[in-house]
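Each remark here refers to the structure printed beneath this line.
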Amino acid sequence: MDKIKIGIPRSIPYYYFDKKWTYYFEKLNIEVILSPKTNKKIINDGLNYTNDEMCLSLKIYMGHVNYLKDKCDYILIPRIENYGVADQTCTNFLSLYDLVKNTFKVKVLNYNIVLSKRETEEKGFIKIGKSLGIKTSVCKRAYVYAKAMSEKDKKKKHLMNLKKLLSSKLKILMVGHPYNIEDEYVGLPVLKTLEKLNIEWINAYDFDSSITNKLSSKLSKDIYWKYSKELIGAIKFVEDKIDGIIFVSSFPCGPDSLVNDLVIRKINFPYLNLVIDDLDSLAGVETRLESFVDIIENAKAKS
Amino acid sequence: MKTQKQNPNITIAFPRMGNYDIPAKYLLTNIFDVNIEDIPIITNKTIELGTRYSPEFVCTPFKYTIGTLIESLENGANVLIQAGGGCRYGYYSELQEQILKDMGYKFQFINLMSKGQKSLKKIYQELKKVDSNFNPIKALYYLIITIKMVKYMDKVDDYIRENIGFEVVPNSFINLQKEMLNSFYRSKTNIDLYFKYKFYFKKIKKIKINKPSNHLKIGLIGELYTLMEPFSNYELERELASYGMSIKRYTNVYYLLFQKGRMANKYVKYAKEYITYKMGADAADNIGRTKYLCKHNYDGIIHIKSTFCTPEIGAMPIISKICQEHKMPLLFFSFDANTSEVGIKTRVEAFYDMIEGRRQ
Amino acid sequence: MNEYYLGVDIGSISTKGVIIDNNNQVITSLYIWTEGNPIVAVKKLIRELKAKMPKDGKLLGIGTTGSARKLIGLMLGANVVKNEITAHAVGTLSKHKDVHTILEIGGQDSKIIIIDNGVVVDYSMNTLCAAGTGSFLTSQAKRLGIPIEDFGELALKSKNPVKIAARCTVFAESDLIHKAQIGYLKEDIIAGLCKSIVLNYLNNVGKGKKIREPIVFQGGVSKNKGVLKYFKEVLDAPIIVDDDSHLMGAIGIAIMAKKNKNHQIFELDATDVLFETKGSECSKCSNNCEVLKIYKDHELVDTWGNRCPKGSE
């Protein structure tokens, strides 16, 4: 028999689990097919399978699912409701699974994380392994391995970020969800432009989330979105070490619409708020980045 | 600093939604010894103000509610209450408080939610801050009456919605309903309220209607604020009724507070060939309702929401799919602060023509 | 004496009028710009149609449709006032009995109508936003300094349409300016615009609708050859554009005026009547409704926009 092939869309949840999934399936001897980096075709297909008002990231996600639909046995789509009552997700994380099931004729491998109801990540991973006919004990061992490996990766990222903070270049904290920042068409062009401008950019989400999650309460006492908390907590973590902040969000992101507005009212930094809507109008972004860098350069020269 | 009236007395205000300001005011006046501001009716000015001070791509209820809070502050309110719901509505409070402070207003802000969740302890602590003489036993007594009031209001409302399109004398339902709500507001005890409810419901049922047995029936589903605040949906229910259609709407405050917890799971099970999980806010409820309406001889479904309402946006493709499979006419409306009223009327008229044409 | 019926379709950009006979044949028609003033436009329309109407006939019905249908209906004393979706369906069915899909792009609105056995079974309109409609095309044409009449021809010359982000008017405009600035060919930009209108339409209005042949394309934009070309290309199907495609709404409403039983003899005297509207903010309660009062020969005939009876006093 052929190896089972699991398709993973390189979009939204992927960026929160990436290596953990790969390590896990590798240990179980299951082949993973990752959709390619976002390209024009993926975006156009995504537009076809979504409606107008959906956020850009969700449109891109559906494009990735479409790419995988006839290339694998299952597509992996978790549903993540919360990591505790004060650590929820945007409602798109709740509807992703059912949305895909209703849009495409595909087999979906699914797990559900609702920590407030004791549906843990570990249970989820074991569930997908079991549904593929693998013994619980084997799944468990694979999960422990995947978790340990991914913790190691995370630690590395955190240390890298700390090192970046020591750089003598101008330093900008990137406050945006990883699925936006690392997307070939949304955030990467921004990062590339910053590199050209000789800027040291630091991703807010690469810091240790157990630190940033707690720190978020200093900017917002009532926030209950896990991923937003970790982003704004990072602002507090590095506030005396950076020269500016760039907020990157996809239009019209629900949590960002409120959280970024609140944070901008409370911080004392030069900031730039980039809302990426239509991918073809990215050209104007370059101009805005250049002038933003000018502003923080001037501010630094004065002080 | 804005033109906030200096007010030595504690004066409470809160955002309004439909007729629910009446039970809310009833509860607050009876448990506190303070003034309750007459909540200004939502007008074009409210939404203009709201839009000016809101983040750009926030959902529309944020704009309506902050608009009302600003108007209330200008009228002399100094204690504001805001609640929340199961989506980003739960986070409105903190940002609205910050925006109003940045505008220069002085006030105390009571957020009934804690991290997006209902918390009795938090509510108690907050209320104690408004009035140190706050008596929880007395509050509980009036809370029970208020809950009953909401229940009765919603029951009568359901009946009116199904029949108002067929009234013989214009405004007979609305006028009697107004009278009923005024009388509810003066209730002192549970029994008192109950008899008033019986009395008026009987009277309302006697209102003369001319309802053909084969009348058109439509179901109205969608996002809660837009469904319940007529200004925000451009008085869609009135427009629909004027065509002589009977309207079914599930969402009301009583449902959200006391039935949703139980019903949401039932809806997911009922629509299990389409969904496996709850999808945030009322999305799964609306998917279940869509299937129900399709199976129960309704002539059409209208789904309304405010622009950018994320949970409903996620539910819409599935609602479309169910309607397509059942050949059910479906109309979507996404309302914002400056939706064209002519555009709405044209769409409603065409929808009516279509479902009527299909009947024949 | 011959019997005739008048149909008037008043859109935001253009005003269309037709006179038909008992066999639904168009006797005469006219297409003029509304120029933001439907009353003036309709007066002009009536004056010219009256001159063109055969002298041996009498007018038995008037119907109005389009976004100003109510106002003009009142002004002309029309016996039928109906929305443009129904009117378009009726008009198209009179010429193409087996039509399944009507694509329509007008000045402010665009719509899709699905017909089964001569009955409208589904329709959808743009989400109350002007992106991808005629007025959007017109304003972009002006911006690029090209007469809107030449727009379609020019688009056909392009070999490489530029991709324009046309999901929203504001975004599209900034994208367009940018592309023009960095030196794209004008015809490629125009072709890109035409293509983006098609894609945007199918993605927004046409989303989830089963587009089956025969397909009829109408509304003002159907005269644009560039848009038509990309509709054919994207849908990969033949598309019918009637010579009277821009008049379908007016024809439809004229037919409905004919079918309506309340026939009477109309004199086309609207040109002599003093017809005025006055907009004001009602101050009778805090609702501050924007009220529009309609006067015919200085007499108040109707009030719109008020949410309660107070405003019409």
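Lettered A, B and C in written order, each chain numbered from 1.
Criterion: contacts are C-beta pairs under 8 Å (C-beta built on N, C-alpha and C of every residue); 3 or more make two chains touch, one makes a residue touch a chain.
Since this is a predicted model, take the numbers as computed values, not measurements.
Of all chains, the one whose Cα centroid sits at the greatest distance from that of subunit C is A. Ranked by the number of C-beta pairs in contact, the top chain pair here is A-B. Measuring from the average of all protein CA coordinates, the nearest chain centre is that of B. Inter-chain centre distance (subunit A to subunit B, centres taken as mean C-alpha positions): 34 Å. Rounded to a whole number, the gap between the C-alpha centres of subunit A and subunit C is 45 angstrom.
In subunit C, the residues touching two or more other chains are 127.
Contacts with at least two other chains are made by residues 317, 334 of subunit B. Multi-chain contact residues of subunit A, defined as those touching 2 or more other chains: 51. The part of subunit C that touches subunit B in the complex is made up of residues 67, 82-86, 109, 119-123, 125, 127-128, 208, 285-290, 305, 307. Taken in their complex, subunit A has these residues touching subunit C: 47-48, 51-52, 277-281, 283-284. Listed in rising order, the residues of subunit B touching subunit A in the complex are 55-59, 62, 87-88, 90-95, 98-99, 102, 111, 113-117, 274-281, 283, 307-308, 310-311, 313-318, 321, 334.
Against subunit B, the residues of subunit A that register as touching in their complex are 50-51, 53-55, 79, 85-86, 88, 90-92, 94-95, 97-99, 101-103, 110, 112, 220-224, 251-255, 257-262, 265-266, 275. Those residues of subunit B that touch subunit C in the complex are listed here as 40-41, 43-45, 235, 317, 320, 324, 327, 329, 332, 334, 339-344, 346-347, 349-350, 353-354, 357-358.
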